[in-house]
Amino acid sequence: MVTSSSLIYLIALPLFGALTLLLAGRRADKWGHLLGTAMSASSFGVGLYQLSQMLSRPTEERAISQKLFTWIDVASFQVDAGLLLDQLSICFVLLITGVGTLIHIYSISYMSHDENRRRFFAYLNLFIAAMLLLVLGDSYLTLYVGWEGVGLASYLLIGFWNQKPAYATASKKAFVMNRVGDMGLSFAIMIAFATLGTVSFAGVKEASEGASETALTAIGIMLLVAAAGKSAQFPLQAWLGDAMAGPTPVSALIHAATMVTAGVYLIVRSNFIFDAAPTAQLIVVIVGAITLLFGAVIGTAKDDIKKALAASTMSQIGYMVLCAGLGPAGYAFAIMHLLTHGFFKAGMFLGAGSVMHGMNDSVDMRRYGGLRKFMPITFITFGLGYLAIIGVPPFAGFYSKDLIIETAFNAGGFKGILLGSITLLGAVITAFYMTRVMILTFTSPKRWEENQHPHESPFLMWFPMVVLSIGSVTSGLLFYRGDALANWLNPVFGDHGKDHHEEHLFEPIVVSAMALTAVAIGVGIAIMKYQLSEIEAVAPQNVSIFTRIARKDLLQDSFNESVFMRPGQALTRLLVKGDENVVDGAVRGIGRTALGAGATLRRSQSGFARSYAALILIGAVVLIAGIWVVTL
Amino acid sequence: MNPYNYLYVAGLLFTIGAIGVIVRRNAIVVFMCIELMLNAANLTLVTFSRINGTLEGQVTAFFTMVVAACEVVVGLAIIIAIYRSRRSASIDDASLLKR
Amino acid sequence: MLTIQTPEAVMFWVLGPLSVIAAIGMLVVKKAVHSALLLAWIMITIALFYIAQDAVFLGIVQIVVYTGAVMMLFLFILMLVGVDASDSLTETIPGLRAIAITAALGFGGLLVSLISRATLGRPALGLAEANKDGNVQGLAKLLFSDYVFAFEAISALLITAALGAMVLAHHQRTVARPTQREQAIARFRTGSLASAAGLPNPGVYARHNAVDVPALLPDGTPAPNSISATLKARGDMLESNQFELGEVDNTVQEEK
Amino acid sequence: MSSLTLLGILPLIGALLIAVIPAEQALRVKQAALGTTILVAISAVMMWLNFDESNTAFQFVQSAGWIPSFGINYAVGVDGLSLVLILLAVLLTPIVVLAGWNESEGGRWSAKVFYILILVLETMMIGVFAATDVFLFYVFFEAMLIPVYFLIGGYGSGERAAAAVKFLLFSLFGGLLMLASIIGLYVISSKNGGATFDITQLSQMHNYMSSTTQNLLFLGFFIAFAIKAPVWPLHTWLPDAAASATPGTSVLLLGVLDKVGTFGMIRFCLTLFPDASKTFTPVIIVLAVISILYGAFLAIGARDIKRLIAYTSISHFGFITMGIFAMTTQGHSGAILYMFNHGFSTAALFIVAGWMIARRKSSTIADFGGLQRVTPVMAWSFFIAGMSSLALPGLSSFVSEFLVLVGTFTRYPVAAVLATFGIVLAALYILIPVQKALHGPTTPGNENLPDLNLREKFAVGPVLAIIIALGFYPAPLLNVINPVAKQVIESQGFTDPVPSESAGK
């Protein structure tokens, strides 16, 4: 493999930015945001340079690596701090640094009134560095470093306004649930080491060829747990909604475009494991399908614009995971949807931020309405993203989602029909709730108070939105044309990538038609329900039980609280009491016994010489009795 | 008669002396009971001396007497000292060991 | 080979029970003086036993040292402490008496049982052989040869004990003895001049002139401070009210 | 005289120096103590640089007859294991002195006594790790209690006297059992080729013992060490002691002294009684897993920040014990590295918590709040220390914790899986106090707390730097540790499990 010495700059630049901004403290307040943006942008530049270098090399030499130093070396457990840039990573690198830079630019303006803007940019840079390490690491353990690094950055950013207790709790919740996922990754690495003897991607890939299916299934399932934690997949999805506590650019970058898709990256990266472990694959598909619907249903019930988008993110990642679980046929499409989703969802989040910016940070869509006139640029960019996500041709989402639906139907047999129907159903619901968002926010009559003055955002904010909307318009076609992305990624998936299922259940055109019909149904329902009828400024309470449950995020928090949190708290209290009373009590009991024995025996020490004499006499009796017995 | 009979008497006297030490409260009486026990012991020594046909027992008894005399002298002095400070010859009153 | 003559047996059977009875008496009499007398009797008995058992020297020493010196000391101390004071025989420490008697009975029983089981494996020898040069000579030979160091140590012990007794009995003054001048000043400074002239003598103005009867003051009330503090502390002060003059009897009674 | 002995004597010389300074000149005393400890630290680092990593035998050895009639020698020497722990001790001591500059105030005795005790303790710590004579080790092991007892009882807070006595009694109990075992060993050695206390010769004695004897002697040692490195259920002295001691004392107590326990498990339990170790391994692994989870749960439930840190340590010591008895090279190396890393991350936590407590005059977590906005540098220091405690990748604890887990998994997968749940609990027990103390609205009374001053920054800076540096580049320590770990595992007759699926390749 070609080695390079320049990969580290991708990570080092934003890391340098983060450390400088954190260590310099308030001194850097004036120029901190500029340095942060510059570091992100230069990392993007390095990424583009690497892409150009890569394009100039023949296909089989495109992957390059860099070994920095030997990180851990204990007997057979050897891990290098090594980086690997291949066709898969470069997609992520460009997505992370590109979208990241745009969001840096957006944040300069969005956070301009926050006195801790420097710190915000430091966190953003830290995130970029960690995320790049995640996608560039050449072994599961280096990936793990980035994996937890983005978790940390996410924690810091969600809790950026942690003076509000609810936000602080949200950040803690995100970190802890991510840790549950990380545990899965730990298990996966441990099993990999115990069974395959290595943890590097290349090593595992090589060893997996002769490995038993049981071991690979175990690794696969554990990797899925990790992916579920990071990508908010069922059953570890509950943190994502709360994570919207962070500033909106954070939601756009971390909780829409990049970090939450790390799970998909992990699954696609581990394709050699899943390919050999059908059971694990099946579970991946199931998880993806459940999350797809789960997120979509929650999305229909949310009045908070960011939470609606977050639910949509969850659902869209469900699509990706489902597709990635379909094996070689799906990897490229999962990545394609990931990339297009990165564009349009980031753009929509930024649009939501722009709306909030104009609406005094209100997030309640029922208090919006008619903003089309006041925020034309936001409306257009958001609208383009909307068209992309519901999958209207020729926007990006159409191509990527269409391919996923098609792959799902092609999975074969009953499974294929079921999965295809689910993805279609998801498309209906997606179209419905996204249309709802559009109508509530932009096209319906205004419902906001008179003292609010909606206005378009400044240039630094709408510029990134425009760039992203261009991406959400064009990227789909770009990737789709001549299977550009699929061919590009093929070397990563080895030989598997080529043998597509040639037997189609439906012709592609039929699938597209079905998908478009689904979209039309969803949009139609939404228009009937919201555009053509009165919208109440306060969410109606006399609604069906289903709506109520959906509003409560399908009871995910109640479930977690009653199954994990409460019993956990009870156990903690029990153990604290037990430690005090039983364990330490035993120790103190010994002490008390000694004291008690002393107190009892002390009574014999009355101080009366006569009682001592009596004791001596008793002693003498015992002695003489002894003699008497012995001489018997 | 049997010379062992003296031993029985000595044993009884010793036992009675021991009871006296425990049940009597007057320090002087207690002291006298101790003397009684010593005398009982001496009697056994003399008796054994006779049984064994050597004089070692008597020598030991002699030493015991001298030691007993010393003990009486010091002991009574202590009783006097205590009596002077406490105006009591009851040994129960001298129970400072308790504290 | 030892054979015991009838007179000795008679003596033993008479004196043995008597000594045991006297010992039991020591436990039950109330007055310490009586205990002392009973003890003296036991010691004399034991001296007789010694002599009967060919330990003439020890018998004499027993009488001289114990009944002569030690018992005298006891009586002397008893007089210091109070001859008349009688002890209460009720037990103040609960259960002690029962424990003592049970334990003692066990002890005595076991002892007697052990003695009765013990055998020497050969007949008793008697001291005829050892005493052939005389008992005193025999003892002296042992004391000044084999036991000379013990003997010297014992003598040192005796002297030490004598010194110790002196130290213990000696009352160490902690403050300087007040001079007469100081006493006089102190008396005048007490606030009341009543005692300025010194304490009244006992019985001087009373109808009885014994030292244990308080003097009567001119108004006819008794003056307790006319009695020696020692007598008062010992409780030997007589009631004075029987000597009080309630009302002056004017009728003259002839004293025949 | 070997450089090792000199290193051990240096603090004593410092203590003597302080003894002649008048007690009123507290500043002079502190400067002398700081100077001495820094000198010791530099000397130890020099020794490290001269250490031959490829040599697994003891180095810098010195041996002199002490009580010849019993075959007792003053014998010292270091291998990789002792070197790492001595480094830990001497690096932490100057930090403790600097961080706890005013800790000696409010004590029962003067500052002078405080620093003399610290320096004497430093000598003991070096001695206990360097001793290669079992008797000498025992002497240091017990003598170490004395300065700590006075440091807790004389300078602590709250019920310091009770905590000090509890600590002393626990330790003495363990020490007594160990003494019995040492005597037993001595007797066995005298029957088999000459009475000795030399560790190398004693390590052959297991060939002459019956399995019952070996088990009993092993237990004597192990219980002593399990008390020291608190293994459930012998841990209850630790929270009390740590909560009552001054933060500096707690750092030395948890950071270094408790390591004597885990150090002893490797140096004595495993080396002297290989067969008994094998017998007891399942039990010990279970205890270790319980310690991990139990300590974590109690830390979650703790209301007092010092107790919380103490409980986290119980959890971490569970990991160390598990790594030691997993009997794999990874587990062993990880455990030894963990000892070092835990020392530093706990030190950072305790030092910063100490400052928080000193400023707020309370150690209840609920009394803090919003410190991140009031005292950002202090809050960040605490946060990084906390992240190290929960073993965030990139910080030093992660490498060691993961090595322990991987090493255990290859031999005892169930234990490793259960222990891994500890990392979720770790996130809770760190983030809950972080949220309560650093985040949220500023609690009334905290608005004007001062941030770290220059001295404090200088104290905590190196600790955090070491934590981060070793997280990314643990090789300097691992190179020293690996040979020892390998040697111990091999001397136990173990080989690392072969990967089950690639055995054919």
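As written, the chains take the letters A, B, C and D, and residue 1 is the first residue of each chain.
In the analysis below, a residue touches a chain if its C-beta (ideal position, glycine included) is under 8 Å from a C-beta of that chain, and two chains touch if they have at least 3 such contacts.
Just so it is clear, the structure is predicted and the values come from calculations on it, not from any experiment.
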Review point. When A-D is set beside B-C, which has more C-beta pairs in contact?
Key: B-C
Check your understanding: Could you name the chain whose CA centroid falls nearest to the centroid of all protein CA atoms?
Key -> D
Check your understanding: Any idea how many Å lie between the Cα centroids of chain C and chain D?
Key -> 71
Practice item. Could you put a whole-Å number on the gap between the CA centroids of chain A and chain D? Key: 37
Check your understanding: How many angstrom between the C-alpha centroids of chain C and chain B?
Key -> 14
Review point. What is the distance in Å between the mean C-alpha positions of chain A and chain B?
Key: 95
Study note, to complete from the structure: Multi-chain contacts in chain D, i.e. residues touching at least two other chains, fall at none
**Study point:** Residue list for chain B, restricted to those that touch at least two other chains
**Key:** 18, 22-23, 25, 92
Study note, to complete from the structure: Multi-chain touching residues of chain C, meaning two or more other chains, are 93, 96, 99-100, 104, 107, 111
Practice item. Note which residues of chain C are touching chain B in the complex, please. Key: 2, 4, 8-9, 12-13, 16, 19-20, 23-24, 26-27, 32, 35-36, 39, 42-43, 46, 49-50, 53-55, 57-58, 61-62, 65-66, 69-70, 73-74, 77-78, 80-81, 85, 87-88, 91-93, 96-97, 99-101, 104-105, 107-108, 111-112, 115-116, 120, 124-127, 129-131, 135, 138-139, 142-143, 147, 150-151, 154, 157-158, 160-162, 164-166, 168-169, 171, 233
Revision key, fill the gap. Chain A contacts chain D in the complex at 22, 25, 69-77, 81, 141, 144-145, 147-149, 152, 159, 162-165, 168-169, 172, 175-176, 179-180, 182-183, 186-187, 189-191, 193-198, 207, 210-212, 215, 571-573, 575-576, 579, 583-584, 586-587
**Study point:** Parts of chain B lying in touch with chain A, wherever the complex brings them together
**Key:** 18, 21-23, 25, 30, 91-92, 94-99
Practice item. Spell out the part of chain D that touches chain A in their complex, as residue ranges. Key: 166, 170, 232-233, 235-237, 294, 297-298, 300-302, 328-330, 333-334, 370, 372-373, 376-377, 380, 387, 392-394, 398-399, 402-403, 405-407, 409-410, 413, 416-417, 420-421, 423-424, 426-428, 431-432, 434-435, 438-442, 472-475, 478, 482, 485-486, 496-502, 504-505
Exercise for review: In the complex, go through chain A and note every residue touching chain C.
Suggested key: 606, 608, 610-611, 614, 617-618, 620-621, 624-625, 627-628, 631
